[in-house]
Amino acid sequence: MREIRQPGEYQYTFGPYAEPIATVRLGESVIMHTEDAFGGKLVSEDQSPSSVLGPYLNPQTGPIYVEGAEPGDTLVVRIEQIEPSRDWAVSCLIPYFGGLTSTRFTAMLQSPLPERTWIYARTGSGGYSWKGRWEIPWAPFLGTIGTAPHIEAVSSLSPGAHGGNMDVPDATVGNTLYFPVHHPGALFYAGDVHAGQGQGELCGVALEISARVTLSFDVIKSKEINWPRIESPEAIMTVGSARPMEDAARIAYSELVLWMESEYGFDRLDAYQLLTQAGRCYVGNMVDPNYSLVASCPKHYLPRGRNPTAEPDESGKPVGV
Amino acid sequence: MREIRQPGEYQYTFGPYAEPIATVRLGESVIMHTEDAFGGKLVSEDQSPSSVLGPYLNPQTGPIYVEGAEPGDTLVVRIEQIEPSRDWAVSCLIPYFGGLTSTRFTAMLQSPLPERTWIYARTGSGGYSWKGRWEIPWAPFLGTIGTAPHIEAVSSLSPGAHGGNMDVPDATVGNTLYFPVHHPGALFYAGDVHAGQGQGELCGVALEISARVTLSFDVIKSKEINWPRIESPEAIMTVGSARPMEDAARIAYSELVLWMESEYGFDRLDAYQLLTQAGRCYVGNMVDPNYSLVASCPKHYLPRGRNPTAEPDESGKPVGV
Amino acid sequence: MREIRQPGEYQYTFGPYAEPIATVRLGESVIMHTEDAFGGKLVSEDQSPSSVLGPYLNPQTGPIYVEGAEPGDTLVVRIEQIEPSRDWAVSCLIPYFGGLTSTRFTAMLQSPLPERTWIYARTGSGGYSWKGRWEIPWAPFLGTIGTAPHIEAVSSLSPGAHGGNMDVPDATVGNTLYFPVHHPGALFYAGDVHAGQGQGELCGVALEISARVTLSFDVIKSKEINWPRIESPEAIMTVGSARPMEDAARIAYSELVLWMESEYGFDRLDAYQLLTQAGRCYVGNMVDPNYSLVASCPKHYLPRGRNPTAEPDESGKPVGV
Amino acid sequence: MREIRQPGEYQYTFGPYAEPIATVRLGESVIMHTEDAFGGKLVSEDQSPSSVLGPYLNPQTGPIYVEGAEPGDTLVVRIEQIEPSRDWAVSCLIPYFGGLTSTRFTAMLQSPLPERTWIYARTGSGGYSWKGRWEIPWAPFLGTIGTAPHIEAVSSLSPGAHGGNMDVPDATVGNTLYFPVHHPGALFYAGDVHAGQGQGELCGVALEISARVTLSFDVIKSKEINWPRIESPEAIMTVGSARPMEDAARIAYSELVLWMESEYGFDRLDAYQLLTQAGRCYVGNMVDPNYSLVASCPKHYLPRGRNPTAEPDESGKPVGV
């Protein structure tokens, strides 16, 4: 299988201004090598993050040019495998960053929380243990994944309609993600693998690892989506990224209503009603420049065979509408 | 078992200004009869909610005087059983109310969504079916539950530090809830049973039913909590209710950090770290005057036997610290 | 002129549960004596607020029963004069309270800001000087003013649709305020006079004084308003109180659009357009449980003589519609 | 005086990826020609905006390379004159855009407001009249102005730490603006002149005109600011752009506190106190991807001669610290 490593410098924005580092064919599985959110610089509990980290965080591998993707299409990304490329993970407290501290945007006059670094060791069972005090099971996902926006170059720290730094644990193995395509080749980026993370990514730093990620790509022709979608074996999901957090929730659930209407034949208000009783909504991140919330509907509430875009036909590929 | 029905008018606020309707002893199990959020007035899909509903919504049974509860204590409420007292449930769209519409507080100039009423029939399996189109499993909980605030009388439509209309599905059978006590007897109220509800209560109206709820009460002496807590067999949880939604998340997770610090021996920043990797956070409601979010920590991350307030000792009662 | 002093304890909620302390006639001018927000307990820069202040803040004088006010009417309050009843003012920093600190609702793990008390001396020119370092001109207003909500008793620290702790400097001498009436007699409360205050009341504590406030009352029969209104010689204004702050702005401007439509004959979208070009919107408070924003329209944009509710006729009284 | 016109296509992002269109010397006054926010396409009340407007809005003139500006400096921009380059202005309602409608970010299921276009005629007195129904006085300013962010290319519709689409009326003639410099030459952009605008830019579209803007540039060496600053003859001001709106207010006031501390010698908490009593805070825009609020302090509260960065010395140039 082809392996894609970033040649030269990593990317720190999602945008149309960088040259593709590789071209992939539809249906091809490739392995992408990703660096951790700190570029591998934070390696010891004796380091204070601010003394080690440079101006750029969250390096991305990309952009990848996906053959056949054109503006107005939807990019389909299957996450087939995630493997750690080292035996430890790191988390830390960064001054004025995190969910329970004032920040650059929620600005206050208080002193920052102390800096701290936690190094976790990978265990025999594949979990991550902090000094034997607790162990987090292996539940890897791509913290950052998406396509280039139309004309903007968005920091790899920020999630948005293009995906980006959503930090939602459902961007994981076995699931399929959908992103808007604004440029020929889609210009796909990925990075920031987390060995595990709670909902909200509370202190702002998950179990950060470098990794090998196996992905395959497909495209739904002439189908436009506004925000990222995720499909697992059990559920369809939408991700809204915005502030305040209720706007992220509104986006996620609105998109889910419209998805159920357009592809599963629901009356719009019936979809609104069904999600009232059966929808699920969790906080992906409450720390990034936009908060990301995930709304979902269990598939068993959806009519079978009604989603031509999301379910594979006999040939194993999604079919556009 | 003693059954408590509201004598005369239901209550529409949580406050210290109404006379108790009953007194319960610590450890006593009682059955409370609760009316649905519409006072039983919305019974047919031919009714438009605005033509039927009066000025008051969400009638509460209470206040209940709990013997032995004093200001500065924590009230412990175990939910032992919830049974429907009728064979149907109702949901609806109310103008300018709900998660995907402008409202009285998120005021805009657009026209309201149409009014709609959905009547669900209880099925043989105990679920609730809408015209055979879909069926929601029986997953009942108390939408509204809590104690009287100190000097305020808060609408039964609003959640807050006192509990109230939190609309969180974990207020359910088998779980234990904790509330602040500001008055002798705690002045406990409950109502608004939902046969089921998605996370967020998206359109603002769950599967509303009248019910019989079996509860028992206890008290932790001289222990003050700031916001409601929930304990299930698997997790400890805190509920934050505020706007914007990130403030509700901040409250919930902050309280959980402080809980882990004060009762489970965690260093504060270690608790912050552990919740970053293992915490969970979902949207209870995104429709009420305050949004309610639930943060939780799985119990297997907590040291055994360290929570004297939340786990029963041999005598079957929690012990205060 | 009749003087009204609080007999016995001050009120700490706006609600229907307290007995009126006085009855006033329509058109009668009365002097109300108000205590400062700290009940007069904070008198020296050597005091730390938390060591002095009790559980209740912001004592209110009231409720006042206004003869002739009935549910469904609008209460009209003219502020005729405000005089200080002492020669100093106090401001301070209270832990976890203010606009540039984490709070009970915007909860974080950081340490609080230090406590501080500032005592200002009234100068010969009527301003308030802090140690000669700076002097704030006399620009007094009622920080807290309003009527009893329908069934709720709302803390005197919180603003809302009933008025309350709005902390908007336009609640001042020469202006007329309008409030909803939910009870016979309206049940009017006032307090919390500020000798001056910036927009936002940044640290949460203005120039707090005790005062004598001369008010007169009137009523517009059978006219319902949803949120407080203010009329100055130059402008009409609406106050929205909510969180997040954009919801307060939306309420204020929406109410202003509807006011211009219903009473000044504007097409709704033309009013929206005119306010886009000529409206004004400032932050009253960014520190209370709800933020208060004031939207206004200069009167010279309004058709003359079109506002029968807000402008006095020959008899000096507003006329209802 | 040199006149700068955009050669070829206008810019629709603020970023480092476009070639400078001109170089200016420090102290040089130049005239920049700006197009209106709609690229001049919306010219008649018979046009519906959605049928006329393309995918890009808010064209910017730039980037301008300012000689001598280096990363770590502050760019100083004096607005010397603004002249309309045509005799009419346009405003309109765009579907799902504006302050009193659901939007792409505050997503709801309601139908959009109607589209409408208003064409204003310039009057003999220089104001703008809509059909003689009302006239808005000439009060021009630059809706969009700022420098290139570090690595991001930000839509010209969005304000941020770099300035951009702040829509604050104080970006006007006679005032001086300060922006962070992240690139050699600063890479300055401007556009979107408004003949007038209310606070909040309520419907999202001010009195849009094309214009000639006379500016001069200077630089403060080795001085870093985090957010835009404005200085008028009467006040110093800071602009915060964020969501929710309270975060914009927090940024603006925090930056003002820090400015008063670092350049005017205030104790930090004294500055916080003084702004509590004397600060002003208004809503610039409540419609863009970030809301912009302006906090200000009247200059008469500031010690004379203490601001070496903002006040010209004898040579007429600001001096860095």
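To keep things simple, chains are lettered A, B, C and D as they appear, and every chain counts its residues starting from 1.
Note that in this section a contact is a pair of C-beta atoms (placed from the backbone, for glycine too) under 8 Å apart; a residue touches a chain by one contact, two chains touch by 3 or more.
These numbers come from a predicted model, not from an experiment.
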Chains contacting each of chain C and chain D, listed by label: A, B
Same or different residue numbers at the chain B/chain D copy interface, by half rule: same
Rotation angle superposing chain A onto its copy chain D by C-alpha atoms, nearest 5 degrees: 180
Whole-Å gap between the CA centroids of chain B and chain C: 34
Inter-centroid spacing, chain D versus chain B (mean Cα positions, whole Å): 47
For chain C, residues contacting two or more additional chains: 100, 106-109, 113, 243-244, 250, 254, 257, 269, 272
List of chain B residues in touch with chain D within their complex: 100-102, 106-113, 244
Residue ranges of chain B touching chain A (in the complex, touch as defined): 91, 93, 98-100, 113-114, 116, 118, 128, 130, 133-134, 136, 196-207, 243-246, 249-250, 253-254, 257, 269-270, 272-283, 286, 291, 293, 295, 301
Contacting residues of chain D [partner chain A, same complex]: 12-13, 15, 17, 55-56, 104-109, 150-155, 226, 240, 242-244, 247, 250-251, 254-255, 257, 268-269, 272
